[in-house]
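What follows is a group of structures, each given as structure tokens.
Both complexes shown next keep chain A, but they swap its partner, so chain B is in the first and chain C is in the second.
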Partner chain A sequence: MTLTTSAPAPAISPTTAKEPHRLSLRRRLRRDWWIYLFLLPTLLGYGAYTVYPLVASWWYAFLDWPGFAMTGTFTGLDNFRRLLADDLFWNAFRKSLLFLVVAVPARVGLALLLALWLNSRRTPFSGFFRTLFFLPVVTTGAIIGIVFTLLLDANGPISLALVWAGITDSPTNLVASAGTSLYAGIAVWVWKWLGITMIYWLAALQTIPRDVHEAAMLDGANARKELWHVTLPLLVPFLVIITLIDTVGALNVFDLMQTLTGGGPSFSSEVIEIFIYRTAFAATVPQLGYASAAAVLFGLLTMVLAVVQAVGVRWARRQTKGAS
Partner chain B sequence: MNSTTDNGVGSRRGNLPGAAFAMNRRGFLGTVGAGGLGAMLAACTGGGQSSDGPSADDGVLQWWDQFRPLTSMLEASLFEPYMAANSGVTIERRQMEGPDLGQAIQVARRSNQMPDVHSLAGLDATPAALVSEDWFQPIGGHADFDGTEIVDQLFDGLHRFDGEIYSVPLFSGRFHDATPWVNTELLSQADIDPAQSPATWDDLRATARQITDRAGVPGLLIPTKEVPYLTALVNWLAQSAGAPGTIDWTTGAYVFNSQPFVDALEFLLSLQQDGVVHPSGASMGARDARARWAAGEAAIYPWGPWIIGGLMVDEPEAVERGIDAWRLPCPETTRNVVHRGPGGGVFWVSNESQQPQIAAELLLQMSSREFQAQLASAMDQPPALIDVVAEADVHPAYARNIGYLADDVRISPVPETGNPSTWRVAAESQDIHPNLGEVAQAILTGSSSDIRGELTRLNDAMSAERDRAIAAVAGEGAEVSIEDWVFTNWEPSQDYDQAAYAAR
Partner chain C sequence: MSAATAIRPESAEGAPTRRRGPRRGRNVRPGRVVALVALTAAALLWTYPFLWLVSASLKHPSEIFGSGFDLVPDEFVWENYTRAWVEAGFASYFVNTVLITAGTVLVVVIRSALAGYVLGRFDFAGKKILIGVFLVTFFLPEGYTIIPVTQLTDQLGLLNTHAGVILGLGAGGQIAATLLYAGYFRGLPKELEESARLDGAGQFRIFFQVMLPLAWPITATVVILTFLFAWNTYLLPLVFTLSEPDLRTLAIGMTVFVGEYGQDWPGMAAAAVISLVPVIGVFVVLQRKFVDSVAGAVKQ
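Entry: the complex of A and B
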């Protein structure tokens, strides 16, 4: 009895302790109705403008739907079969991947360098420079596309500067040359969005405790060693999420590329979004089903590539560990 | 359990200062939130407009088009007088860029918000295909179009379907959009007589070189960013070199790989290689090019007859400074005519419209000789009654260009008029890429150098796709065949008119 009475028995059993979390949906709705009420506009908006179009595009992908008709005809996998044999779809797919592969590392890397520079106490006017680099972020992509069409054309200052510097022999229209149009788009995109990635990195740098830096300094690490062995390793978790955010951004470049190059010349800068737009709206007979199938197939292929990449990275890590 | 829960809630309330007001505040916020949400949902019927669309509002007629140069003329000469004479009627016009209009109409169609009257800019589908999908309603029963002077220009498959008139041609088909428009001030600086059109392609090359050398600006501006512009330009140049168009109507065969098309592309390439073409043209659309040509960046800009009307609205100083039109040059001094189908229906009345009578009356007024003369004075596309230009108040360069067009352009046959069922082939056909404009873009940007090979691939692909489409729709019961593209009585030097269709 003594044992029983003196034992530190829980006042309520674990099951009882979890009871409040197991309230039925109905009771939770009755108790916290105002929370759901305030969530409702967001849920409705997300449902109407994200979930519904997503689900609808999957359904449309199975339809033969000329744009001028009110409805389409179910044709099964015909659109996907056509896409697999469409050279221009694969061209756009390659351009989008190339955009991703070149632009994301450039944006992430350059933004990190900028953030490190602006995070240094020795950098003068760092607040001013932060604002300066952030300004393009809040400028509309389409406007930037139009302005850079003028800046990058053969009579523009960039082309003339290249000639003046002896890099090119004659003025070059960088956005209208098949060899440079995509890279011109990449450069403008990186420039436009550099500021926001720089802010992410600056926020990440703020999370590193100052005493870690002080400890490294006391241990005799110079600035380079401190960066390499202390700062960068602590930033790795942020690298993953920042890369992910920028990767998503690199797949949403329609406004910029449409106004800058329109996908041309000769499809040399036609990323997948422009392919979809052209098929859905700019074709002689708009093909809504085919365009939806292109979007769905591109999404699936990107997911497959992401999974393959993740598996590859894990395999490489295991191999490295095994070797060490 | 109940008491514990109640106590918990009660204790939380009790711990809050002003607890008596806490629930009231939540209630207030909840009520406001619910009200706001309700208001938002009530407004969510697309652009804040009624889902019934504008047509449901008695007396309001929505009118969408892309004719910027016609803005003041339509308002002053058509809509305002009509509204003054019909007090219960309000006409609301919205002008958009062509491509934007096409997309807006597609979206409006799917959301039941179609305007009562609209043009087809930006919609590449044939009118017959749209009529078959119940986009429009006939207007012939609401006004006497058969009594107008344009009755000879009403064609089956273009304006009339199953015997019913759906639209009327307000503009003539007798035009091309490759007229070399010139800045006379720059020509004077280069010691060139603006009144003297270069007769041949070589003359034009030499003139462009002279301008580039002496005036210090590129001789020519050719905007190659927009594929449709290039497609049209190559087509007109090829026809000036003797091509019948993209189809030889005597055989029905595509002729993209014929010598005139090769010559046209080689001519454009030679101009570029001469260094007489504005180097920024490759990143310009047609409207950008017009603005930069108007700013004096180049002397010659090939475009359509509507350029002066547009300039009068946006850059009138370019017209005041000096503008003239040259005749489309040919490779040799022997002139070739170019061909274009009859003027199509411009404005169509939506099937959802509750105002077909008003729309038909407006279109009837637009078909009158008086309105056609006013249309000419806006200097857009030439009016359907093209002879009114001679009496209209127009710029001399516009009148001169209309004269050139009368000499150089002939009306070609169209398969839809010969057999209205051919629209199904057009609807079934898939776009071929690279098309003519894209081939030209590839050649001019150095992406490809095999002109004949590219044109042959295009020709083969177009022929194969048409054959496939014919077989597909014929398999569904449509009475179409390749013979519908053959007009054996076509005489290239003559217009293909109603009598020619009847004698076919």
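Entry: the complex of A and C
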């Protein structure tokens, strides 16, 4: 990210160097042949496995294509028309948004709380706690999903704990009920990824200079006042970046949700990725074109968020610069 | 526990200045106690699932659900592990995962180091376009590309091979790695190349003998991040190996296990432990580097 925004690009200054560049392009290419050789693996790999799929998805989205072994037939905007009228697509879209709206603030907020605690010099064993909270981050999402189907079983420890705490009357499997399955998924997701967001916040807290804290002390601010009026305002630029990183994370939950709920029961936790996977790979008659159309719309959603990210980060950068 | 001891050195670095601070002798206030209790409760919440998993993997089936919160098995059933390792095929899933992870790490390191070097240190025609493409595709979700990638792998004749999975995971994406290398190489002094060139070294020798060894901290970070990604990935191997049992990775093996031996809870738990131990083990040993690798993203 930094590369582009902060790259000084010493020799390229478009206004002054345009004319000589154009003249010497061939000579430059000849002189720099080894540079392109260094780039070759990236150009080939990235071209074939990222750029080509990006473009191809759009083409596939216009096809009726019932399997990799078959050839697709062009059907124009048919897939998009069907998608917009498909209740299950909108259901998946809503579930993804709901996931995002509930899970991201929970993850960002709880992680900040943890980071503030762990950053305090009076918290003992903060290194140990940090390690513990980070532990699930390194684990395999799909396996965590399966393990939690056991933990969430009606006779499992979570159900027992809920009864013991008086939250539920009788043992219940939260994943097996349409009303709670998505929220169970959100809870497991927050549990799994909280540690990484906590690390982001801790890194952000480290950027607050010590003299800011000392100045606040001299002004007679107590801990709470310092938190509200000094620390939190300084964290706002990071809030933007961290929220957006986590938002992108919340759109990539296939492994966890597929293994934890499989999208069920009765589509109650079917996020967009599961919808795409089901349509393309898990159906008796694969609908690759239809799934591609859904993927394209999903990609657009992510793209919008990426643009928001770019704008937000730029804004946040200005804020940090203004502050320092 | 080794986690606690291993992290000491780092906290010790920051500690001296803190300890000497004026607040050391302060009284403990009730707010502190509440926070500490909450923190401990949360820590329990974060540990319990792992402890439960290990305990379940050593129990008799009847004992898993029905002994309440008790974590200690009546009798240690090590046989669960042999069942998962031998009968359920986790031995071969394990080998597959190691091969695919190692291959992906290798592909990503080579590709990113080479590209990062020229992107970070040189200007050339097309550089801005390249960076523009990287930025546009930075957050491209995997679900978006999976259909064309499958189609492409099929056409290359790699659909049921390790190489197909490795290329699918490592050849595209992974822009963060390239940018990390580019940022690091940009910061190295120009004289390095000049003096090497005076010694008669060509571009390739300069890169492999001077620059790449210098960039080992970045290489370590990229290896760690790619290792995590490749070991834990799910969608691509799932799609690629649905019809090819010999290629399954641990994560896919777990899914199959659930389908085939649905009621064998202890075997499932044992298989999960087998799958998670390597990644957790590497984390515990290298945790400082892990945490720094991750934190680097936001510091920038």
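A few notes on this one:
The rule we apply is simple: the second predicted complex is superposed on the first by the 251 of 324 C-alpha atoms of A that agree within 3 Å, B and C clash if a C-alpha of one lies under 4 Å from a C-alpha of the other, contacts with A are read in each partner's own complex, and residues count from 1 in each chain.
The rule we apply is simple: a residue touches a chain if its C-beta (ideal position, glycine included) is under 8 Å from a C-beta of that chain, and two chains touch if they have at least 3 such contacts.
Just so it is clear, the model here is predicted, and its values are computed rather than measured.
When the two structures are aligned on the shared chain, A:264 is found in touch with chain B, with no touch to chain C.
In the superposition on chain A, contact is made by A:42 with chain C only, not with chain B.
Touch counts on chain A: comparing chain C and chain B, the chain ahead is C. Once the two complexes are overlaid on chain A, the chain A residues touched by chain B in the first and by chain C in the second are 34, 38, 41, 44, 68, 149, 153, 155-156, 281. Residue ranges on chain B touching chain A, taken from their complex, read 1, 5, 26, 29-30, 33-34, 36-37, 40-41, 99, 102-103, 106, 109-110, 123-125, 129-130, 133, 135, 224-227, 279-280, 282-283, 426-427, 429-431, 433-434, 438, 441-442, 444-448.
Chain A meets chain C in the complex at residues 1-4, 7, 9-12, 21, 25, 28-29, 32, 34-36, 38-39, 41-42, 44-46, 48-54, 56-57, 60, 68, 114, 117, 121-143, 146-151, 153, 155-157, 160-161, 191, 196, 199-200, 202-204, 207, 238, 241-242, 245, 248, 251-252, 254-255, 258-259, 272-273, 276-277, 280-281, 288, 291-292, 295-296, 298-299, 302-303, 305-306, 309-310.
Those residues of chain A that touch chain B in the shared complex are 19-20, 33-34, 37-38, 40-41, 44, 66-70, 88, 149, 152-156, 171, 173, 175-178, 261-262, 264-268, 281-287. Residues 3-4, 6-8, 10-11, 18, 21, 23, 26, 32, 35-36, 39, 42-43, 45-50, 52-53, 56, 64-66, 68-69, 107, 110-112, 114-115, 117-120, 122-125, 127-128, 130-152, 154, 167-168, 170-173, 178-179, 182-183, 186, 203-204, 207, 228, 231-235, 239, 242, 250-252, 254-255, 258, 265, 268-269, 272, 275-276, 279-280, 282-284, 287, 290-291, 294-295, 297-300 of chain C are the ones touching chain A in the complex.
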